[in-house]
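What follows is a group of structures, each given as structure tokens.
Look at the two complexes coming up: subunit A is in both, with subunit B in one and subunit C in the other.
Let's look at the complex of A and B:
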């Protein structure tokens, strides 16, 4: 029972970070109908940024979120302006290939700079944990979860209550109608891609104390981000949050009850089953 | 005579020019190893054939049927692993193993097809990637079967014998050259058939508009599966060929997402859905990645005086450019998708069309 509860809780905690990755992807998809295959690579850039800030300037990884968010927001906005924007009307396949190409450029540029060696970011609390009613909880995971929850709350407030947030949602609902209502759709797209990138990079910063950092780490996360968003329903933020937690729990459960080598297989099989039996996801409308 | 010429010139036949070109090129390629003995030149040619086979076979599914699979590493890996495992564990020679691989890949493709073909557009792409990733993780985890992350090393390739006489011993690169050439020619012919046969017209109808094709009575899932099986068979043969030629396989070299992307890339760069697109794509990609890998490009930069070999930049180039081929792939994808979405072939076709209009 203890083992079950323990893996459930650590699944929920890591799931919170996954949710952040998924929300980023889903905002981009919602506003532009573009699937960003470089999402994991943007997360990887966030990890390296955090690692550099930590090893060179001694900035704590959780504090570096404050630097990651604006830097990667600008980076994402530029990506949208320079590349994605010109491909908005193109075939979905070509958009996917374009973002795969951008991802390759990012991961291989980082490999040229930092080689493909694994980097480890060890903080004083990297492996420490505290006990809650007999269940031990990893300290970095718990902090990450709290930060994630705070960011998600701010994001909801932004999207629901502010004018800009509403404009973004309107663009996601119907691009043309939004344009007719006087919304600057171009600017909303840049904002959405910036936000998506900032969220992915934040997730990267938050997991950097508990993960190996290497240039190819993004691939797994890109795929995971899709599993999360498809599970929740493409374009749904609530769905992405739910999807993130489900995937986190599925992973940690299968690592405990099957083996850690098979946990990704469990996630992908889950993904394929969702695609087959409920392609619209848990919260989304069908777009098949 | 006129009728025959008309027949040859018609859409379904070869033009005399095309036939003569084919004969000249094939004859040239057939005698190439007699004159060029450099193993490196042969190696490049073998890689060109391999890349052409991979590109043409993806083209059948992606180019002509419009199903953008980004999971073709699965079929490549099945061919490579089946052949290698049979050879290393059961001493079954590769020219038998590769056909066993084909049999296995047909089953695998039908299973993958029945899952993925219910999905469309980006969802199909995602599912194809997920399935290939599952295969890669299985190869990593089923250690007793695949030797896991350590991979399988071929200790020796049994010679090819017919009735006790050794036909070829696989000791030099020459037999690989001819086998590669043979498969490349066959895949090009199959692609030609796909473009010009009734089956191929069904494929292209599905590519253009699946719903319209369906309403005209084309059985979508049947024809998509036929295209996938055809495509998977040749990809698997390429995998078997690669495994035996290189003599070592592990999950990252035959089952990774990179392989799938590379296969798609061969077609995008040359021109998707054209017979010679993958050939052109291979002619661009293979020499480029080989030049990077063998540091030829770094040497050229030094010779041109663009950088000093001893300087910091020079040392950096020498040490790192060899690993940069994936970076160059990325840049190529972005440039091609943004500026020549019809590939190099389409780009030149447009260029010539514009020039002809200018002359007229």
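Let's look at the complex of A and C:
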């Protein structure tokens, strides 16, 4: 029973961070109908930013989120303005190639600067945990989860209640109609890409105290983000949150009850089953 | 004055007989000097350079022919062909990697060139009955055996849990380890391969914790080694001992993470504090000359070059005589006693004594076998701080 609860809690906590990655991707897709295959690489940039802030300036990884968000928001906005905007009407495969190419440039640039060595960020709490009724809960993961929850809540409020948020949602629902209503859709796209990038980078910052950092780390997370987003329903924030947690728990459970070598198989079987029986994803109908 | 000098020289030459005849010898070196294996290859290069200096002091001028294999077997093979046919070397030391060494071994046999492999671990290299291939270091099966032997000498472990990456390196090391524990009557309670690069091993470690094993045996590279130990601490895994099968567990980076690396056992071919003749001196001189601490690869390469050059010089560069002398000879140096024997399917294999080391307060201490130990092992595991 303890083992079951332990793996459930670990799964939920890690799933929270996955959700953050998925939400970023889903916002970008929702507004622009572009799948950002450089999402994992943006996360990797967030990790390196956090690592640099920590090793050079001694800024705690969780505090560095405050720096990561604006910096990567601007970075994402620039990417959108300079590259992606020009491709909005283009064929989907061209958009995919563009984002893959951007991702390759990012990871190889980082390799040029930092070499392909693993960087490990060690904080005083990197391996601490506290016990809750016999179940040990990782301190860094718990903090990440709380930060993730707070960011998701703020994001939800922003999209639901503010004028800008409503404009972004309108753009996601119907780009042309939104434009006719006087919404600057170009600007909304830049905002959405900036937000998506900031969220990916935040996820990177949040996992850096418990994970290792290297230039090729992005690929794994791009794939994960893609699965989470499709599983939850493309463009749905609630779906991405749910998807992230489901993937986290599925990984954790299959590592315990099958074998950790098989956990990816379990995740993809689950993914295929959802696609077979509910092709639009779990929350497929709703658009934010 | 002149007379005095002449008599001095005469006296010296009488005191050290044979030196005048064994002046020059040509030895080939194949090593990974560039390419992905270069960071470790550098250790071998430096060890060999230091050996060359020391040989010169003994009156042996070694003419080294350097070949860079860039870590690729096909390049190592063409380097061997060149050394054997064009350069006419008396013997070859190298290459570093298992893949290169295994490829080169076949050519050494073909061209009848004595080859001394300093540090490649793949068992097969000396298991093919080759007459011209010698190996200094202990092969891979010794890694697990020495750790388990160490644990058995320190306590009475009954159960063991394996957690290892599902790559060639992880699975093959664990396979020999599993066979060995079966022989020793230790029960395997968990067998967990994992795919590299996963951010979360907590659930697997919790599962292992629930089985309450006496020993936890891990095979990982450095990043996963740190992650595994961090998360083992988080879930409160507390066996009698953590055994790290080489690789990530023997790195400076791992040792730096004191909070989680303390009291972890691992095994190695050589340490600076072992009481083999000249080991500590080698460490000091190496550090002074190259500004870095030598790894066991450096020590293996150093001793290999000393043995190869001395033997070849004594045999006046004759390959056949060199081979016979290597086979018959016995040495004692920074790698302990060296003798190339045939046993357990191996041919010309130095039955090298692996060392078990333990991280105590951030530094690696040799703790087993007892006769080479500098510190007492801390056993069982004292728990997390």
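As a working rule, the second predicted complex is superposed on the first by the 284 of 288 C-alpha atoms of A that agree within 3 Å, B and C clash if a C-alpha of one lies under 4 Å from a C-alpha of the other, contacts with A are read in each partner's own complex, and residues count from 1 in each chain.
Please note the rule applied: a contact is a pair of C-beta atoms (placed from the backbone, for glycine too) under 8 Å apart; a residue touches a chain by one contact, two chains touch by 3 or more.
For clarity, every value in this text was computed on a predicted model and none was experimentally measured.
In the superposition on chain A, A:272 contacts subunit B only, with no contact to subunit C. By the touch criterion stated above, A:256 is placed in contact with subunit C alone, subunit B being left untouched. In the superposition on chain A, A:164 contacts neither subunit B nor subunit C.
Contacts of A:35 after superposition on the shared chain: subunit B is touched, whereas subunit C is not. Looking at the shared chain after the overlay, A:223 reaches subunit B, while subunit C stays out of its contact range. By the touch criterion defined above, A:104 reaches subunit B but does not reach subunit C. When both complexes are overlaid on chain A, the residue A:264 reaches subunit B and subunit C alike. Overlap of the subunit B and subunit C contact sets on subunit A: residues 259, 261, 264. Only residues 2-3, 6-7, 10-11, 14, 118, 120, 122, 126-129, 131, 136, 138, 207, 210-212, 214, 217, 220, 251-253, 255-256, 259-261, 263-264 of subunit A touch subunit C when the two sit together in their complex.
Note for the complex: subunit A touches subunit B at residues 35, 83, 86-87, 90, 92-94, 96-98, 100-109, 111-112, 116, 219, 223, 226-227, 230, 259, 261-262, 264-265, 268-269, 271-272, 275-276, 279, 288. Residues of subunit C that touch subunit A in their complex: 166, 192-195, 197-204, 206-207, 210, 222-223, 226-227, 229-231, 233-236, 253, 257, 259-260. On the subunit B side of its complex with subunit A, the touching residues are 68, 70, 115, 118-123, 125-127, 129-131, 133-134, 137-138, 140-141, 257, 261, 264, 268, 320, 323-324, 326-327, 329-334, 337-338, 341.
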